[in-house]
Structures are given as C-alpha cells and as structure tokens.
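Structure first, commentary second.
By written order: A, B and C. Residues from 1 in each chain.
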C-alpha cells in the first residue's frame, strides 16, 4: 500500500492540492480566499501535467538541430529525451490561469467598491436589505 | 479561398478585436460598424465552409502546415459547420442590435465592450472549428474570460454573479483540462480524429473512464446542465441585454456541441452508451432539469429571469436528445441546437428592446405593450408559440424528433417530460401575452389628463427591430424548412456510427 | 383510386391566410377595405373548394405535397370525400359568418376589430387545412394553429371572465394537443407512416393489443377535447363569453367540428372498422359517448343562459356524430358524416339568432325572451327552424341524419343506441320548445307591446339563408354541393377498403 502511495506520489500530491483548492473555493466565505483556492486548484493541474512529462536518468530537452531532415531517419533514443508537449501545454494553461486571476481580481475590486466588503455573507445581507 | 475559411473565421475576429481599442480611442462611433463588418466576414466564411462541405464533403485545415496528430487541425464536417453558421449568424444579429442598447446601458465603455464581444465570438467559433482537444480548452477559456468580464459590467448584482461564474467556470474548465491530461497520458495524442482511432482499443482502461468523467462534468458546468447550472441564472439575467442575448443562446449550445463531439466523435457511442451508464444519468438529470427549470421560471416575475430558467429546461431538451443515443433523438438534439439558439436569441433581444423602451421587465407591468411595440410583441408571440411547440414554428419540429427519439429508446417518462414542458412553456408565455394583449390599461398609467386613453406607438429603434424581426421570421422559416435542413445537413451531422 | 395532382387544396388553405395578413396590414382605418378582404377571401375559398367537388364525385383524390420533413412524413394535402364534406361546410358557412360578423361587430362597435378578423381568417385557413390533411402530422399542425388562432377570439372581450375563458380554453386544448402529439409519435413509431387510409392503416400485430388500446384512448382524448366529449367539455360553455359570431364559428364551422372530424379520421381512417371490431373498442366508445349524448341533453335543460344552452346542445350533437361513426355500420356512418354538415347549418342559424337578439335587445337569458318572437319574427322564425331541425322533425335536414343514425343503430343490432338517439331528440325538443313557445305566444304583462324591430340586414340575411338551406337540405339532401353523394362515397371507400 505504502509503495503504491509513494510510487505514484506525484498523483497524490496533485490530488491533495486539488482538494484543498476545491475546498477553499466552495467552503470559504471570503472572495479573495476563494480566488486563492482557485489558483491552488489550477496549479495542481499544472503540476500534474508537468509530472507526467518527467523522465529520470538524464533525459534532456529535444532540441531540433539544423539538419532535421537527415536525422529524421535515424532511430532516436527515446529514453534520452523528454516529451516537451506537457510543458508547452502548461505554458498556455499558465497564461490562461493568470488571465483568469486577473479578471477575477478586477471583479473583486468592483465588488469591493460596491459593497465595501469581501465577505460573501455580508454582501448577501446588504443585497437582501436593499431589496435586490 | 475556400480552404482558408476555417482560419479566417477565427483570425479575423481575433485580430479585429485588438484593433477596437485603437479605433475607439480615435473615434468611438466607428467601433460599431467595425464589429458588424467583421462579423459579416465571419458569417460569409461560415457560409463558405458549409457550402464547401455540402459540395465536396468534409475537409480539414492544418494550422501552420503541421500534419494532424502533431499540429493543430481544424477539422470541418457537417456538424461543426452547422454550428458555425448558427454562431456566426446570431452573433452578427446581436451585434447589429447592440448599438442602441450599448449606448444606453454602457455609454462610457463602448470600445472595451466591443473588444470583449469580438473575443467572445472568436472563442465560440474556435471551440466549434477546432479538431484538437487542447486547442478547444484554450478557446473555451478565451470565450469564458471575455464572458466573465462582459457579465460583470451589467446591472446591480452582476459582479457577484460574475464572480460565482468565474469560480464555477474555472472548475469546469479545469475538469476539462484534466480530462485532456488523462487522455494524453493514455494515448499520447490530442487530435480528435486520432483519438477516435486509438481509443477503442483501450475502452476497458480506468484512465479512459476517469478522463470521460472529467470531460462530462467539465462540459456540464460550461453548458449549464442541471444540476451544475446554479451559476447561470444570476449571471445571465444581470448581464447587459446585448450580452445576455449573445451568451444565452450561444454558450449553452456550443457546450452542447462539445458534449456531442466528446461522446460520439472522440468516444464511440458504443463506449458512451454501453460501457458507462452516463447516458441514463444524463437522461434523468435532463428530466429533472426540464421540470425544475420550468417550475423555477413560473415563480419569476422578471421576464429575463424567467427566460434564463427556461433556458435551463431547454438545455435539458438537448441533453435529453443526446442521452437517448439514437439517430432520430440526436437529430432532434442537433435541430434543437439551431432552433433554440434562434428562439432564445429572439426572446432575449425582445426583452432587451422592452427594457430599453419601457424601462421595466416585470411581466405584470407590460400592459398594452402590443399597442406600444406591435412588431416587437409580434416577434415575441411567434417565439412564444414556438417555445410552446405550436407548428409551424420551429420549436414543434425539434420537439417532434426528440419525442420520436425517446419513444424509440422506450423512455416514456422522457417523452412525457417533453410534453409537459411544452405545456409549462405555454403557461409561462401566455401569462405574458395575456398581460400585453388583453389586460386593459392600468388606471394609474391612463390618467394623464383624464382624456388621452390612446396609447402612443413607441416601437424599438430600427437597429433593434430589424434583428428581432429577422429572428422571428427565421423561427417560422426554420420550422417550414426543417425537412430540408435535416435532409441536407443534419442527417450527415449525426455521427456515422449510429 | 385515381390521384390527381393539383395545388388547389393548397390555395384553398392559403387564400384566407393571405387575407389574414392583408387584414392586418389594412388595419382599423380603412374598415371597408379590410372587410372586403374577408368577403373576397371567403368567396374565393368557397369557389376553390367547390371546384373540386366534381373530381371527388368521380372517385378521384386530389393530392399536393408541400414539404417532406422526414422519410415518411410530409406536409401533404389530400382531398378525399370525407375531407371534402368538412371543407365545404367550413368554407360555405364562412361566407355567411363573414357577413354576419361584420354586421355584429359594427352594431356593437366592438374594439380590436382588426385582430378579430385576422384571427377569424386564420381559423378558417386552418380548418380547411385540417379538412384536406393527408396525414396525421399535417392534421396536427393545422389543428394547433386552429387552437392558437381561436384564443384571441375567445378572450376577445378582454373582461376578466373572457380572459379566464380564454385560459381555460387554452389549458384544455393545449393539453389535448400534447396528448395528440404523443399519440401521433407513437403511431409513427409503430407503423412508420402517418398517411390516412380509408379503412385504417394500423394493422393488427403492429403492437400489442394493450398498446393499440392505449393509443386509441389517447387519440380520442386528444381530439375529444375539442369535440366536447364529456368529461372534457367544460371549456366549451365557458368559452361562450366570446362574441356570438365566434361562438357560431366555434360550434358550427371550425373548432368543435375539427375535433369531431379528427375523431372520425382516427376511427375510420387510422384504426378502421375492422381493427376496432377486433379489439372490441367500438362498443366501449359507443357506451362512453352515449353518456355524453344523454348527459349533455339533461344539462342543457338546466341552462338559463341561451348561449350556454346552445353549447350543451352542441356537445350533445357532436357526440351523436361520433356515436354514429363508432357504430361502424353503413347507415350509421352515413348518418354521422352527413350530420356533420346538417348540424353545422342548423346550429349556426341558432347562434346567429342568439347574436341578433343580443345585438337588438341585449338579452342573453332564456327567461328574458318572452315576446321576442313578435319583435323579431324573422330571427325567431329562423330559430324555430333550427330548433325543430335539431329535434329531428321533417322536412328539416336534421331529420335525414337522425333517420340514418337510427337505422344504423338497428343495423348494428344495438337497440340501446336507438334509444339513445331517440332520447337525445326528445331532449332537444324539450329544451328548445319552451323558447319558441315563450317568444311567440307567451302573454306579456299589460302595457308592454312588442313592436317590429329587426336586427340589421347584414345579420338577418345570413340567418334567413342558413335557415332556408337547412330546409332545402332536408328536402333534397343532394342539392347544390351534393352532401349526400359525398357522404355515401366516403362510407363506400371506408367499407370497400375494410
């Protein structure tokens, strides 16, 4: 059992992180905490992707050298190179996550200006009192 | 030229969106014609695509010239060409409509509004056109991000609704991303067509099951499928009217498209139907959605809120058509994507026009509206009849195929739900129609000087009225020509594996 | 059977639809032009329908296919003898009703006349559509249009009662529409076709007996609501709040006749005599309908409101028509089909009279009618003819149909139903004779001397014409439009095929 947990530790870490993030998004009342939860959640996924690309034993980045066409026919030592795709995908995902955070922060500012608080229950109370 | 359309349809609005701040800074009035012109180009491109497909069959576009399993491929077949036309046409109509309502609701923010508007459209078109699961995620986020911002500039309560949407939407998108990750671990491919070839050998694998579950939940959140719709009513009803008219018909429909893609293209129906009981679950969820949406809608007095809850039920229709997983049911679902996009767009446009002119959306305050805005109310009535499933409006026909599909699947309860829902819709809309056409003027309004009982006609401005009338005419025409649409497009759009 | 392809059925439907939009476009300001559209359309429609009679009598069938929705389902018109019967009745009586309506609404200075005439024309259009439908789906489409087009007429007065009446009407008919939609979808699923065929197209073995029985019940429920079969008749008396020409239209020309027409189509052209015999359904339905025949007669006795009394008389007569058809013998079917026409002529006379009395004296209750006969002798004379006819007295056309119906009951060897027919005739007499007696002969209190004061000519002339026609068709059932030949031809087709 322990071997199972340790052997796949990257998955366990990402699962735990994800749950923390999910809890913060659902359970916390403060909007900024929710946002932080969201960030943890996204980072967990990024870590998950990156960890799938890991190769131990001195594998390196596959850089396409000048005469790609000629090398194309040669057998490539797969163990010697990392799969770059998960990393590249995560670059995009990081951009997306930053953009989301930015939009969310802007919305939080908007909310703060309107209600002068960031506690969800207080906002609900204010809205109830004003009859909206 | 024709083979460049798939790229043009994305690139043109995407690039054009970044010019808008510049144009707006130089001359604010130019933003509107610019957006309309861009959307005309995308609409023409989408027509070009569907025309090519109807004459020469499906084709694909390689982005940057990279061959499919490695590079990003825009794969076009009947299904996504069909959805492309819907998306580009409705966004064009809403753009034409938006002029006055943006001037009225967001006078200072014209340029940012149109920038986000175009980005949203580009995102939606991208989701539909792409043949790559990760690329789909990127476009999903482009459209969602612009959507969050567009909702947040709405009325009182919009920021908080938008924030909830950000949280829920991000969870949905992340789940989708996880699904992509699992598929990638298992297959090493991100291309839909490639996945469809590799996957059948691994259907027993747990990784694939997990991926499928993440996909389903992620898309359900984005498409506001019951019970993951909770973010939607507040967000859509507080958004500016031009925004809700764009996202209400399109976001949910595009998500429904993605659902069909995942379940029947990436995975085989064999897997989606037999290996996992997801279809049964989805069917019963949509069953509940139809009733829950209808009943919640009955409780609303705000016209826009009512529409939003009806949308929950309408999404239920489409998911139900998908869940019965037979040819005729899926035909109904795809037809309903078209029909419901038209109906919802028309209804939201009408509501926007009403609140622009009358300043209220309370259904009890719409007395004599047929005299004030006869054309708008005419369009509303046609759409309402269509929603209630009265032929020859288009709503009847999608309902007909959906019911046939449920009967063929032996799901009597689903058929009953569809029928009950059209009755609920009838009640909902006749409540409004009764008020607008038959209730006499309230004395409080009629008492201006005691003499003038005649109501002044005060129709919506032309830029609003024209799209409304076009949509309403479209609803009738789509109904009459539904046979042609099915025989020339939809029957090929239904995945061949049925 | 020869099939002739011709677009005449389509034009018969379209002509009043086009007129409806011309009416809408002309509007309130040019009343005379607007009314002339109604008249012109009514005349053209009648001529088109009448021009098809010779072909029908030669045993030919006129077909026209408009669209194909799905393999096996088309929007198709087919004029056969039975459809012709309903077509002639509706189109000929529309002429009378048009003149009468114009007189009525102008005398009372009704509001929203444009809407009124628009809805009226739409009703007629769909009634003809129902008559000439070639299959169940086409029938359903026009049936639903009829439902919606009638709604503004029922709620026309815009008083709270009228709005409630309208609501009730919608609830009953829309629910029925849903049941029908489901039944039709089931039929399509079981048989793969929806085309009417004389003698029925649902063969045995298409489904288990249980399913077929359920299907039949759903069809009868669906069409029975409009036909006012008890206990689904409640909307009909409530809808009497509508203006009188509307009641006349509801009762004699279009709406309830459409319900009966649908029932007969289902009995004779979908299930067919053989299947109904084998399943033993005919005797069940016959007993069920008998309850309505007798029950409605008794309920009519208790009504003081003249139009409500007429409404129950209608329910009674409609049930007689269905009873005639379900007895499944040659004479009873002939009687039933011909009563469809005869009842229309008599009942429209009665309603016209009720309207004329209301316009002139504003009296609505039976107990107020003392002496009216001396004030309005022509109107009450016509009323007497209609009432006597409904009681089955020769030489008025009601006698002919009742004669055949009684013969049919004997042929079917079911004496019970003979008594049902006779009881109903007796009840008819019992609730009409007091009206006639009181209005002509009752002594008025001293000091009140009734003077001659007739309704406007535009109303009296249609009344006289329909009353005279009732007599003419009683003496020569085959006069002018050859009702009798057409009815026998229809029966021949049904029995010949079975």
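Methods note: a contact is a pair of C-beta atoms (placed from the backbone, for glycine too) under 8 Å apart; a residue touches a chain by one contact, two chains touch by 3 or more.
No experiment lies behind these values; they were computed from the predicted model shown.
If each chain is drawn as a node and touching chains are joined, the picture is a simple open line.
Centroid distances built from C-alpha atoms place C farthest away from chain A.
Computed centre separation for the pair chain A/chain C is 70 angstrom, with centres defined by C-alpha atoms.
Computed from the mean C-alpha positions, the centre of chain B lies at a distance of 43 Å from the centre of chain C. The distance from the centre of chain A to the centre of chain B, each centre being the mean of the chain's C-alpha atoms, comes to 28 Å. On the chain C side of its complex with chain B, the touching residues are 67-70, 74-75, 137, 140-141, 144-145, 147-148, 152, 155, 158, 162-163, 166-167, 170, 174-175, 177-179, 181-182, 185-186, 188-189. Those residues of chain B lying in contact with chain A across their complex are 134, 137-138, 141, 145, 148-149, 152, 156-157, 159-160, 162-163, 166-167, 170-171, 173-174, 177-178, 181, 184-185, 190. Looking at the complex, you find that chain A touches chain B at residues 22, 25, 31, 34, 38, 41-42, 45, 48-49, 52, 85-86, 89, 92-93, 96, 99-100, 103-104, 106-108, 110-111, 114, 123, 127, 132. Within the complex formed with chain C, the residues of chain B that make contact are 385, 388-392, 396-397, 399-401, 403-404, 407-408, 415-416, 419-420, 422-423, 426, 430, 434, 437-440, 480-484, 486-487.
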